[in-house]
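By written order: A, B, C, D, E and F. Residues from 1 in each chain.
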Amino acid sequence: MATEFDTGLPSIRQVQTFIRDQNTVEIKLLTGDVFTGIVVWQDIHAICLSIEGETLLAMRAALAYIKIAN
Amino acid sequence: MATEFDTGLPSIRQVQTFIRDQNTVEIKLLTGDVFTGIVVWQDIHAICLSIEGETLLAMRAALAYIKIAN
Amino acid sequence: MATEFDTGLPSIRQVQTFIRDQNTVEIKLLTGDVFTGIVVWQDIHAICLSIEGETLLAMRAALAYIKIAN
Amino acid sequence: MATEFDTGLPSIRQVQTFIRDQNTVEIKLLTGDVFTGIVVWQDIHAICLSIEGETLLAMRAALAYIKIAN
Amino acid sequence: MATEFDTGLPSIRQVQTFIRDQNTVEIKLLTGDVFTGIVVWQDIHAICLSIEGETLLAMRAALAYIKIAN
Amino acid sequence: MATEFDTGLPSIRQVQTFIRDQNTVEIKLLTGDVFTGIVVWQDIHAICLSIEGETLLAMRAALAYIKIAN
């Protein structure tokens, strides 16, 4: 379930909506790290977060969840 | 065993049944996090849960199990 | 090694045997969770266990081992 | 690097040698579990170990290492 | 989402930029290890870091995030 | 990013160099285990280490990093 990057898929579109709306999102990685920031872009391998001016490439393979931050 | 999203597969149909019946489900992620909510949709990459009005995209690659909540 | 669901494979047939014989099996997930139950079905993504009347979809990607319960 | 089961590959042949020679092997899974037994068969998804008469299907995706037991 | 190494992808280009600019980056692996160094090259399987003169091949499958070091 | 075993790739060639030069390498697995030894061979699924006369098949899917030992 992990080799397609189809921009019509709900999960891809949802993240595109986060980008467009500049939502502050929370992601959690399999390491247990939680990051809060703005999604700058996504591609098949990573989600790029802007966190207080820093840029973090979070690997999709290590991503547990993403949601709008409280 | 992870590149097909065939809506005829039992595991996909089971989750579709959860969606249709609005079952409250429990999912556990590889991080150890347990979430309880309603499945809104699924696609090849994620299962979207509504948890007390919040939307969480749980990545399939990080999913350990899903079951109807007690 | 993870994209085929060939019912002729020993690992798939072994689980089919567990289903047919209604064996009580023990599975362990990468989360460390151990579940004991009857396998109801398997597909490419999941193994469905019946555990004291509850149904649990254990994701194959999160599966560490399966064996007949002691 | 994970979708081929080519019996000419060194890693597959090594395990075949363990089977033929009835070596007692030690495997460690990503859960941290260590099992010692005889390899009965391997396929693309699993390695089947006989451990004091019990049969355990260890999932390849969860396998960290395999070696001849001390 | 993990079988393409397309140098036009943002995540691949971002790492190429780190290489070209000789940025000191921080990577975190799923083991929890954090390394700080200069990216020497990347390919489909690994990111090669130079860390105080030592060379480390960090496996992409084990990579949680990469960012410019503070 | 994980289904190719192309001997022209830098990461594959780097390990071939370790083999040719009989470098003592250190590998770390996702279990947290660290092993130090000589690489005997590599294939698409595993890296074979000789560790004080013992042979260990370390699974690539469980490999976090590899480097020349200090």
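Note that in this section a contact is a pair of C-beta atoms (placed from the backbone, for glycine too) under 8 Å apart; a residue touches a chain by one contact, two chains touch by 3 or more.
Given the structure is predicted, the values throughout are model-derived calculations rather than measurements.
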Quiz item: What chains do chain C and chain E have as common neighbours?
Solution: none
Quiz item: Can you list every chain that touches chain D and also touches chain E?
Solution: F
Exercise. For the sequence-identical pair chain C and chain F, determine the rotation angle of the Cα superposition and round it to the nearest 5 degrees.
Key: 120
Practice problem: Have a look at where chain C meets chain D and say same if over half of the interface residue numbers show up on both copies, different if under half do. | Solution: different
Quiz prompt | Of all other chains, the one whose Cα centre sits farthest from chain F | solution = B
Self-check item: Distance from the mean Cα position of chain C to that of chain A, given in whole angstrom
Solution: 31
Practice problem: Return the distance between the CA-based centres of chain B and chain F, expressed in whole Å. | Solution: 36
Exercise. Any chance you could list the residues of chain F touching two or more other chains?
Key: 1-4, 29-30, 45, 60-61
Quiz prompt | Ring order of chains, beginning at chain D and proceeding to chain F | solution = D, F, E, A, B, C
Practice problem: Show which residues of chain C lie in contact with chain B when the two form their complex. | Solution: 2-5, 29-31, 33, 35, 41, 43-46, 48, 54-62
Self-check item: Interfacial residue positions of chain A with respect to chain B in the complex
Solution: 1-4, 9-12, 14-15, 28-30, 32, 60-61, 63-68, 70
